[in-house]
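One structure, as structure tokens, below. Some questions next.
Labels for the chains are A, B, C and D, by order of writing; each one numbers its residues from 1.
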Amino acid sequence: MFKFFGLLLGLVMTAAPAGAQSPTADPALIEDLVAANRILYDQSVVDGFGHVSVRHDKNPERFLLARSMAPGLVTAADIMEFDRDSNAIDPKGRAVYLERFIHSEIYKAHPEVKAVVHSHSPAVIPFGVTSVTLRPVFHLSSFLAGGAPVFEIREAGGSATDMLIRTPELGAALARTLGAAPVALMRGLQEAVFRAIYTEVNARLEAEALRLGQGQVVFLNDEEAAKATATNAGVLVRAWDLWKTRALATAR
Amino acid sequence: MFKFFGLLLGLVMTAAPAGAQSPTADPALIEDLVAANRILYDQSVVDGFGHVSVRHDKNPERFLLARSMAPGLVTAADIMEFDRDSNAIDPKGRAVYLERFIHSEIYKAHPEVKAVVHSHSPAVIPFGVTSVTLRPVFHLSSFLAGGAPVFEIREAGGSATDMLIRTPELGAALARTLGAAPVALMRGLQEAVFRAIYTEVNARLEAEALRLGQGQVVFLNDEEAAKATATNAGVLVRAWDLWKTRALATAR
Amino acid sequence: MFKFFGLLLGLVMTAAPAGAQSPTADPALIEDLVAANRILYDQSVVDGFGHVSVRHDKNPERFLLARSMAPGLVTAADIMEFDRDSNAIDPKGRAVYLERFIHSEIYKAHPEVKAVVHSHSPAVIPFGVTSVTLRPVFHLSSFLAGGAPVFEIREAGGSATDMLIRTPELGAALARTLGAAPVALMRGLQEAVFRAIYTEVNARLEAEALRLGQGQVVFLNDEEAAKATATNAGVLVRAWDLWKTRALATAR
Amino acid sequence: MFKFFGLLLGLVMTAAPAGAQSPTADPALIEDLVAANRILYDQSVVDGFGHVSVRHDKNPERFLLARSMAPGLVTAADIMEFDRDSNAIDPKGRAVYLERFIHSEIYKAHPEVKAVVHSHSPAVIPFGVTSVTLRPVFHLSSFLAGGAPVFEIREAGGSATDMLIRTPELGAALARTLGAAPVALMRGLQEAVFRAIYTEVNARLEAEALRLGQGQVVFLNDEEAAKATATNAGVLVRAWDLWKTRALATAR
């Protein structure tokens, strides 16, 4: 079966010694991570399952991730710190996500990656279980140029897993699949969220266009996609502001 | 026509003598049953019709079910107790569901079943009136491995019923159909709700994948499904917490 | 082009002399008509356009209908009384619906009809512009047995109308089309709303089932449909209560 | 790739000398423009991106447009004035939309145009990337008679743009494409919003009807469309009132 990735990255802006207790993360980063959880739920990218992490701003060997819970209910008190092997720094008895190795192994293999979203968004799943490729039908999903890589867990874990990335080895295999995908310089968490949302939007549009056009669809070419991606980086805060306002206005 | 079942079960954890007035059910069980009604409505599994019951925790010969009303409006005061033949213990003039025999006959035939959901969820219905089988496209619907059984009321009741399971005999025929389905050990009501919701989600995903892939879709194999089902049992409370928060936050 | 009808009726329970100023309608009927407007909007059967009327309970030559406005905003003060030719009894300068002749001509031609819904509900429209027939896929839409009649305005008004039933003659032609449809005894306004909503639901389900089953779908047979329709009449208040609670809880 | 236009127009009702500082726009026009932004978001025609402008009521050489932000969050304080070349009159450091040339070049080339909506509404996009034409399936989208023109940016800007109308030249090419579309006399901003919304509705209905009817669909003919369009102009305020009430009732 499948997992999609390759969406969700950025540049580490600072470097700090690893292993020791990290300095406290920037409260604005925590706030953004909480907003990212709530936005991804409000925009139907995640439901009760799925997660989003961000690399620690003071210590690139660490990352921040919620305790095991529904993203739509996350608050700042639920954010935990993990080391490069997905050990919780200060667990306080809190349950952790079984698939946290997705995050740790991607951060380990891809130093430029700053944020990771893991979801099972509904319009994307059909592209994972068929041979149809996700490709950009409009400029807001231009980052899909070249097609999204699909990870087949059966190749890495055999035909009798529980479908979860529950070991460092499976996480590393996934990170290698991601390595083949086009990785661009991004602004980090906000762009990861932007890409996760527009991947879902593009999947709906592409499926519908393929049906309407009986397989004949005009996609963005590579040059258009590269230029549109650069442009989008400058305006994505416009969507982030809207999504954040919406997501935090609801109690749940 | 059709009815889907096979979703909705669990282990009876206590045994008590039947027939007499039951001791009061655990208030937490009543609360969960109210939440189950509201969640199933909020998640679009039921509309004005459909119902959910739970086996009585103090008396396995009895079960709890709302009076005849829309699930989305149920409160604790609406929960009634029924005996093994679907007689209301203390009706107080309240109307009862015509199809309560679905519940009583399943509890009678399947001692391990702890909860039953009956719905007409929209994405599932098309699988009931065509020859296409519901099968799991992702790990959260792994319980569908082997395919959901379809009950044809015309075989049990002839071609001129009103489509309802309004007699013990029809209920018993339905329970026999359910008997052929894979029945696993579960935690009860919360897992029944989980399965009802992800049956609907899977139906949407499978229909879309079949279209996109023009009939070629990769499903979970039986080993993957079994392992994923075991894993899901440990994390479903995460989704329950979200659904309950959402469903009880709305007035309706 | 098309118009769907045949859904939306009932028995006149009293008879009164026509022509004179009617006694005041039952406030409960006005309240139900307001609720019907709001429910049809809340359930996405009407948008800014569409209307619902009810025959006057004290004078069967008259009917009640909102002034020209979006159904979702209707309050009791917006309800007007019309005579058998669609003249407003006490207009007070209020604008009236151009298509009110749909209502007056149906009431005139069908004395047993007690309520009329006119909508352009989204899943139904594709059945109006193609040769596919609406038929019941489950018991809640059993009233569709025999298929919904389609009115072709080009046959009655030529190929250059503005598509509206804006004259008594077009209304009468429409009422004749309705006359061929199966008309059963119903409870009136609440059942008209029930049928309008489940016509939309059935249209979604049927379109999806036809796709999934590649044209092979099992529909209710006529006996099943007749029995289910009789049963539904006894339980529709359950859905009405839910819809009314929802629709009146929102400000718009 | 594509851009849709041709929807979004009206009559300039006054003429005033251009170039100098304009008299203050009518506060009711500003209020309508704010409502238009919020309505287009609430009705899912725009998301975080897209924009709507109106020609200045006191100076036809100028137009009003929000600063660069999500339409769903726009308030009166966000409305800016632009000249015929898309220069902001009083920017106060506010960011402006990259694609404001869509607006200025259409106003320049089409003196009768009074309002412009630019969106990427989801059901419409598949018609832009396939060879299927948008045509009216019901009277509310009658303005689509003749088919909506599709602008191919590759013809005007080559195959390596970032897909945006970011120069006056691209805007002018777009305005020429619009010139071939049927342009009718309208009431301005409210009708532009009406058309943007019913273009999206029609796209959903047409795609579904084409599937259901396997390509055989009855569309409005040109006479029906012309008459329906004239009728709609008289009733669109009914929908506007509903949309405005809804859109302004939500905080976001």
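Annotations for the structure displayed:
Methods note: a residue touches a chain if its C-beta (ideal position, glycine included) is under 8 Å from a C-beta of that chain, and two chains touch if they have at least 3 such contacts.
Keep in mind that this is a model prediction, so the values were computed, not measured.
Least step count on the touch graph, chain B to chain C: 1. The angle of the rotation carrying chain B onto chain D, fitted on C-alpha atoms and rounded to the nearest 5, is 180°.
Note: centroid distance chain B to chain D, computed from Cα atoms, is 48 Å.
Each chain gets one centre point, the mean of its Cα atoms, and the points for chain A and chain B are 34 Å apart.
Residue positions of chain D with contacts to 2 or more other chains are 211. Chain-to-chain contact here is organised cyclically: the chains close a single ring, every chain touching exactly two others. Interfaces, counted as pairs of touching chains, are A-B, A-D, B-C, C-D.
Across the complex, chain B is touched by residues 1-2, 47-49, 68-70, 72-73, 98, 120, 122-123, 125-127, 129-132, 159-164, 207, 210-211, 251-252 of chain A. Of all residues in chain D, those touching chain C in their complex are 137-140, 142, 201, 204-205, 208-209, 211-213, 216-221, 223-224, 227-228, 230-231, 235, 238-243, 245-246, 249.
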